[in-house]
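Before anything else, here is the set of structures, which you'll find just below.
In what comes next, chain A is part of two complexes: it sits with chain B in the first one and with chain C in the second one.
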Partner chain A sequence: MPLQPPSLQQSCQMKRSVPFELFRYAAILLALAITLVPILWMVSMAFKPIGEWSATGAELTWWPKEPTLNNFRFIFGESTSNLIVALDRTALKPILSSLLSAVFGTAIAMGAGTAAAYGLSRFGSGQNLPLALIQLRLFPPMAVMIPVMIMWAFLGLIDTWWGLALIYGIVTLPFAFWLMKTFFDDMPREIEEAALVEGCSRWRVFTRITLPMMRAPLASAALFVFILNWSDYLIALLLTTREWVTIPVYMASLSSSMTGQLYGAKAALGLIAAVPPVIMGIAIQRHLVRGLTFGALKQ
Partner chain B sequence: MTMATLPSTLAPAVPADKPENESARLGFRLTLPAQILVLFIAVFPLLMQLYISLSDWAPLSGVEWWNAWELWNSFANYSDLAADTRFWSALWCTALVMVICVPAEFLLGLALATLFADDFPGKRVFYSILLMPMMVVPAVAGYMFFMLFQSGGPVNDILSALTGRTVAIAWLSDPTLAFIAVVIADIWQWTPLMFLILLAGLVGVPDDQIKAATLLGANAWQRFTTIVLPKMKTIIIIALAIRVIENFKIFDTLFIMTGGGPGVATETISVYVYKVTTQDLIWGYVAAIALAILVVLSVVAVFAMKRMAKARELAA
Partner chain C sequence: MSAIHLQNLVKRFGPFTALRTMDLHIADGEFMALLGPSGCGKSTTMNMIAGMEEPSEGQILFGDRDMAGVPMGRRGVGFVFQNYAIFTHMTVRGNLSYGLRMRGAPKSEIDRRVGAVAELLQLTPLLHRKANRLSVNILQRVAIGRSAIMEPAIFLLDEPLSNVDAAFRAVMRTELKHLQREFKQTMVYVTHDQLEAMTMADRIAVMDHGVLQQVGAPLDVYNNPANLFVARFIGAPGMNLLPGRPAESDGGLVIDLGPLGISPPLPEGIAAVLRGSNGEVFYGFRPEQVTRSVDGRGLAMPVSFVERIGARTIVHLGEGERSVKAVFENDAGAVVGETLVLVPDAASVRVFDAGSGRAVMAEG
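Presenting the complex of A and B:
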């Protein structure tokens, strides 16, 4: 048995009754079913041949009868005999766009956020940042997009992955800042102080001692921020038009008046988009609470 | 050097050759990039937004935005806003989604969290699976539910199996049913967030008081309402605040499922602003709407911030 996290009732040594255990498993199984049905439906759809996509007039199939990889081949531009249409552009560039903008957006947020968090945590600089950044988080993106669109057009950043990366970096800066601030606040200062006494400059202490020690929290925070950036739809919808549309924006183009919704192709692309954040999210499960509550709550 | 033996309660030991203001200077430099980004995205754009909101400016009006004063319309945007029925209906729709989704997510999340409070076989695996929806890209989740609610889709299939009749409801083209579908999608995706936060809070409730209450003969329900819930008050407020804030922005899932329709049945504030921005292109007016929303939310932000600071004090 792997070690279990500590729990509320353990030390009370209470014996739960059999009916309660039955009820618990029944309730959890129901929750699992509700959780998994939408996900599994998409997974199943991604491997269905075109004949099984739509149930209109046909039997609804829950699991592909003739599993195929044609949907994946199709979105990457390989013409497959059973799909009538050809794509004018493949999913490759949107995937690249999502990846580049999310990665560099994460780099911007983490770079500025980590530095500022350290500055505030150790030197008390930037007292205005906590509130300013929470407000930034609070605003619906839609309510600040007019000036952003004007600025981005002025700077020639519309429809570029670097323009997206810049706005992503700013939008997720609050999360990077708050996460790193709570990590720095929790970190014991004795080692830093010892290094200062040994004659290191404060900058050297930060780059040579603090940052290497914080490698694991930094990685968790970066993954958290990456998930947020990768999940964006609205901003990319407004700031990209054709060349550098991201996966969710591109997805809408996978329907045509001729074929209607290309269910299988969309599901295949959806699966590609959904897998990385789910894996990363499970990997950083321990820090999710801290990240989502701006450090107000630690797990 | 013998200074390392100083008790750590003394302020950071700074050797004489290091100027005191080295930390202040470094602190300033470290926070500078974040400050610039905040200025770049918050302060300057807000002023720009305020300026534009006082005019009839639009991207196609043939005037650069900084010359928007030529199109000054003496606060007409703001008086238009008060009379804009579509704006108020969008606000109403947003509020309706919120008062249904947030309590539902809270109660379901709390119920699940209590089921997970003690150990049982399979806990970790179930926990990980139950958290999955919140990690799915919202746009993809929107597409999942778009598929599920097709008239020949699995939801109707399940209903057919349950009722024994052929159910072929066109969920997304009926105003009420489309609204219900959108609400279900939001609850599906964000109950895990409530569950995650509330479980963390639940596990943090100190054991000794519960043990004492048990010895005194309190039953599970009494222990829950008189000890656990009051102890979790701050966490509950934080969890609710986060969902209220995020739910107010609702866009991705909903927009992909219904596009705000049929008609304006599921048109929330974000969808409305998006449509006015991209279709009607009256950006001066959009800026006025956006500013009105921002002013209200800023008040909420200050309130939420105080709450969170208090929570951190309690946690420390």
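Presenting the complex of A and C:
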């Protein structure tokens, strides 16, 4: 067998000492614990019966002793314990509100952001846009929320999912714009010019060549924006009152006079709230990696 | 009808002039190479022919049709870019058939033409492959195929082979030439590799700093460079140029090369033009066209460096302004420090006016 030259990676890697390796794994474990334990705790809580999570309950255990789906039944309107009465509003509408406002908010941000980014990246139009959009993020949200509340009230958008979607779209537009602009800047112009030379119209180039080639970056940007919208609490708290409160706002209201905070119900709702981003993340996982390495084709 | 005429073409980017009054006429079916160093305006010229850029001044005509205001999709040109502009979300077949689908060609015709082009470029086994999984060499072949399939009357290639590896480049040189013979397109080929230009083109246009320096058949440009730039640029290594002044001697008109003594007598044609003038000139001769003197008469210079490249040996002699290179077949047996006496072949000697840089041409 011929001698193989050592691969670049091998020869670049230093030999590490045993204590160093131990330290490295300990650090990784610690980081994992910090992120995973609260999530595990939430999962565990979600399946505990009231006796195991209420403040008055006896001991706290890692795993539910008698796993139950009662917490889920409860937030969807079924009274399952004589300790707490059924809720007057179930979690159904807040979930719907969160979904609608986050999805449409993301659509607005991605639509406007992609169009603006393309215009600037390809035609140099809107030179002031990048800075103007950064300004939108410079001051604390609270500083603008009172004026926004007044405007929204005037427009009749308070306590509507479409009012929320609109403000979500505006607030996350800078992220969508900046992410997409970087991606468009990285995409070789020649690809579009090649299609143009072959007689394709500008619009068709954009829809048939550019956007399909940008699937991966589009997907990762959209997921990022969606998660921002999905996890908003402050804006929804100020702009919704009753009809269209979102999951985080509704969750905060989950308490009863008798038992105080309804931890089990909150955990159950939290688990449900974690589902959409996780599903989306898995669905576009392939694109997420590609999104990061986009442009590797060009030299 | 698909001749290309560039008339007084000027291109400015803001205050920067990328192209100065370019006049170039490319005949129908001709293979023209645009050759020049990086940044000399080759791509700018091509982009204007394709319609990607508007000229600042001047005209572009295809045949007798003025192209001003004709959008790039309507010019009927094929364009291959340096960076294999491939639609990575499509298969090889999708890429090749793109232009035809764009124009709504019937399916049977698309299949037939994709098959033919794929066969020509040896892409048949790869037709179903996604384009983002292929090597650079293949991607560039796909890009060439995607343009060639439209059978454009004018085919523009902007350094199509500069990103592919050397062995494949040699293959593609022959294939491209073959492709052009087959379809008889007018081909404009940008390169800064003179070997490519020399081997493929019918004529070469040499450019520098946005100025067209010389247009001519490859051998003509090599043998009779119009000015100092072309003399230095064409050939590997370029022409030897030694500063000096014309002087009379008993053998005829020679160039007084200062410390190097005098050159062998000039050919009569050049001598007739130069006689009587005393301006500074450059005495030029090709490194390949020298012999070692047998009688000790010629340019005596010390060897400073010996480069052996396979079958050839390049001997560097002298230093600074008064240095030359000589190319010998096989091993020249030269040793550093030794003094060689060189005699340029009389027929290869060229003289350039130092002031204008232009070649001194024999009259008639």
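Rule of thumb we're sticking to: the second predicted complex is superposed on the first by the 257 of 299 C-alpha atoms of A that agree within 3 Å, B and C clash if a C-alpha of one lies under 4 Å from a C-alpha of the other, contacts with A are read in each partner's own complex, and residues count from 1 in each chain.
Note that in this section contacts are C-beta pairs under 8 Å (C-beta built on N, C-alpha and C of every residue); 3 or more make two chains touch, one makes a residue touch a chain.
Just so it is clear, the model here is predicted, and its values are computed rather than measured.
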Touching A:215 in the superposition: chain B (first), chain C (second), both, neither?
-> second
What is the contact status of A:69 with respect to chain B (first) and chain C (second): first, second, both, or neither?
-> neither
In the superposed arrangement, does A:133 touch chain B (first), chain C (second), both or neither?
-> first
First, second, both or neither for A:92, with chain B first and chain C second | neither
Using the superposition on chain A described above, determine whether A:195 touches chain B (first), chain C (second), both, or neither.
-> second
Is A:283 contacted by the first partner chain B, the second partner chain C, both or neither?
-> neither
Is chain A touched at more residues by chain B or by chain C?
-> B
Given the touch rule stated above, what does A:30 touch, chain B (first), chain C (second), both, or neither?
-> neither
List the residues of chain A that touch chain B in one complex and chain C in the other.
-> 190, 193-194, 196-199, 201, 297-299
Where on chain C is chain A touching in the complex?
-> 50-52, 72-75, 77-79, 81-83, 85-89, 98-99, 102-103, 132, 136, 143, 146-147, 150, 163
Chain C-facing residues of chain A, complex | 188, 190-191, 193-201, 204, 209, 212-213, 215, 297-299
Residues of chain A touching chain B in the complex | 2, 4-12, 14, 16, 21, 24, 27-28, 31-32, 34-39, 41-42, 45, 54-58, 60, 62, 108, 111-113, 115-116, 118-120, 122-126, 129-151, 167, 169-170, 173, 177, 189-190, 192-194, 196-199, 201-203, 206, 227, 230-231, 233-234, 237-238, 247-248, 251-252, 263, 266-267, 270, 273-274, 277-278, 280-282, 285, 288-289, 292-299
Would you pull the chain B residues touching chain A in the complex into a rising list?
-> 1, 3-4, 8, 12-15, 18, 22-24, 26-31, 33-35, 37-38, 40-42, 44-46, 48-49, 52, 65, 111-112, 115, 117-120, 123-124, 126, 128-141, 143-145, 147-148, 150-154, 157, 188, 192-193, 196-197, 200-203, 205, 207, 210-211, 214, 235, 238-239, 242, 245, 248-249, 251-252, 255-256, 269-270, 273-274, 277-278, 283, 286-287, 289-291, 293-294, 297-298, 300-302, 304-305, 308, 311-312, 315
